[in-house]
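Naming follows writing order (A, B and C), and every chain is counted from residue 1.
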């Protein structure tokens, strides 16, 4: 039982952390940032080098890596994304190209695999199976991330501007909120979250230029099932998909888990094309 | 004569906002009607509900006796309903010829197509623009192209949402002639949503005034003009 | 003059089916040039070495995948990353069947593999087009499917993943796939080297001509209408979901055909044919070629894959980077594709040159 719950919690954290950055950018700017995978990878790569070569403690490396990736994201937004706001598909292609360019550059300059680092905290055991404290820590991070996004969106000036922009882009611009600046900040925030995710998972997985790939397609499923809302989407979706994947993996294996996620996603696409966001919207409407 | 369109107590809400609040009227086959009303009264919403882009929350819409509310837009169009939308929506990146072909090919077989396209081009005065990109036409010509595309499939019911928006007075006159011709010569029932009173006057068709999501008044232009309540609606003393 | 109606002769009527606004080039000059090029291509194997012929034949395989993406994206406005999945899975399906059957049934295996892909695409297409999802979601969902297929096939290295005599092979892929063969025993033709080249060139010619007919038929008009404005198209009485679905199935067939030919030539198929890199390349070919032009997509695919191959010999690790830069440049600077932009620029220069020549004549001499 404990193992089952732990697996679900672990998957939930993974999905929330993988997706929130992507969801924020999608929800606010309505673009799919394919470079998300490379941002995650850069966060991981920065962390392992800061720790193993720079000698910095892990928890100092985390924020540095996050800020670094946020900066890279800001540069990307400023140079490329900005010109493609109204060309959604072209934006997807451009970010895809950038993703490949970043991955290939890391591959060419830093090689096929990067130094590994150990996870802190050690492990505990329940009924003979050992679990990592670090995974519990990651769950805490996932929930904190959601909380931070919630506070940011609902209690800050930035959040107000962002929500206005989401409702009606042209109007928001007319009201004096500089949408360009908002988008820049949003994109940098999304990149920061991706970088943080990479940093957090660096102690758990081997780091290579292709580190981000395994996060990407799962983030896509969470995005599809979650819908456009950057909070409700990742949260509800991660709970649902985490439950399905975690449960099926624990009962059988990860292949069953992946197939389970696929089936859930297909059902959602067919019946609830706006994901959990849409479902919530319908519930709100029927109550009104 | 049976009604081509009969609308019974149609309601439509968006979230908490009730736009259509029990719309009821009928249009006899082969006739023309004008739908008037101030902004926000639900004219465009009604039109979109009629053609299937919105699903009504209540009531019935019948086309020549058959219920069409709840059908997909293409199913409704196949039953002989053609639309010219408020914002010109022709295929801008395609040529005039491609546009017309798309409009025509469902209802005209391979041998008849050419004739229908030529005839339509002639009717809307765009015979020399066959190979021109539709988006490069003047605004008025784009409107005519869209009207042409709407009539090319020989619909039973033609719906025009502000067909003369942005047109010069001269172009408006020509549009009047076109619409009258189509209604009288081909027996097409026409419903026009309009603002331009000059256009409405030339058409000389019965008018339905929409207000607050229901039919407020039905009558001739003269009756509408002399009705003080309608003036109030338009000029604001009644909300 | 204004409308090219009423075909004057039988020949015009026949040619008329191949010409239309959805494809470029329709004059007799074009067709003469075209068939001259085709003749040269068919004569090529007689004058070249087996190795070069075999290599170039293989390069043609990718064109089917490129065309698959092209008719969906360029003509119907459906951005699907999933074509690579149909390509790879068709290769697997062909491999499993042809390994387990006698060589004379390889054609049957090929056709069945393609049909299976079309059935699969019908199911997936039904889910995405009848669910009314936005095009961005279609893009990521189809990519998700492709990567999932790769992930699942990577885990098939155990002994339980052997079907008959065919071992799925996990990340190493399936080996020992026999080449396509026609007939049995003495009179049979095995399609390798020169015969493979002629087979694939014939198939490509058939597909190209078939697409020209399709794209210029009523269906083709509906494809571009769906691309331009799906809602408006509905209002003309067309079921847009059906248009998208059928086009999707045709595209899956094309990709599947490519996959079968790939497996036949390589005698091998692996999950990497469905990975991120593999999914990226067709997008680059079509974006660079000019999305809504089948001939330029054919040229771009062949050229880019040839470059890819050449780079693999010398500085292979840079090729993907170069292609990504090409994609980025294309998106930012040449949204209509490099080939199309170049051709348009040449035509524009010619027109400007002849216009100024005309002006000189009118104003200068008298």
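The rule is simple: a contact is a pair of C-beta atoms (placed from the backbone, for glycine too) under 8 Å apart; a residue touches a chain by one contact, two chains touch by 3 or more.
Keep in mind it's a predicted model, so treat the numbers as computed, not measured.
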If I average the CA coordinates per chain, which chain comes out farthest from chain C? B
Chain with Cα centroid nearest the overall Cα mean is chain C
Which chain pair has the highest count of C-beta pairs that touch? A-C
Averaged over CA atoms, how far is the centre of chain A from the centre of chain C? Could you give it in whole Å? 34
Provide the C-alpha centroid distance between chain B and chain C, rounded to the nearest whole angstrom. 42
Return the distance between the CA-based centres of chain A and chain B, expressed in whole Å. 48
Along chain B, where are the residues that touch chain C in the complex? 51, 53, 72-74, 77-78, 82-83, 85, 89-95, 97-98, 101-103, 105-107, 114, 117-118, 121, 127-128, 130-131, 149, 153
Quick one: in the complex, what on chain C touches chain B? 2-3, 5-6, 21, 218, 221-222, 224-225, 228-229, 231-240
Help me check something: in the complex, which residues belonging to chain A touch chain C? 30, 32, 80, 83-84, 87-90, 92-94, 96-98, 100-101, 104-105, 107-108, 213, 216-217, 220-221, 223-224, 255, 258-259, 262, 265-266, 269-271, 273
Using the touch rule from the top, collect the residues of chain C that touch chain A in their complex. 79, 127-128, 130-137, 139-141, 143-145, 147-148, 151-152, 155, 276-277, 280, 283, 287, 317-318, 320-321, 323-325, 327-328, 331-332, 335
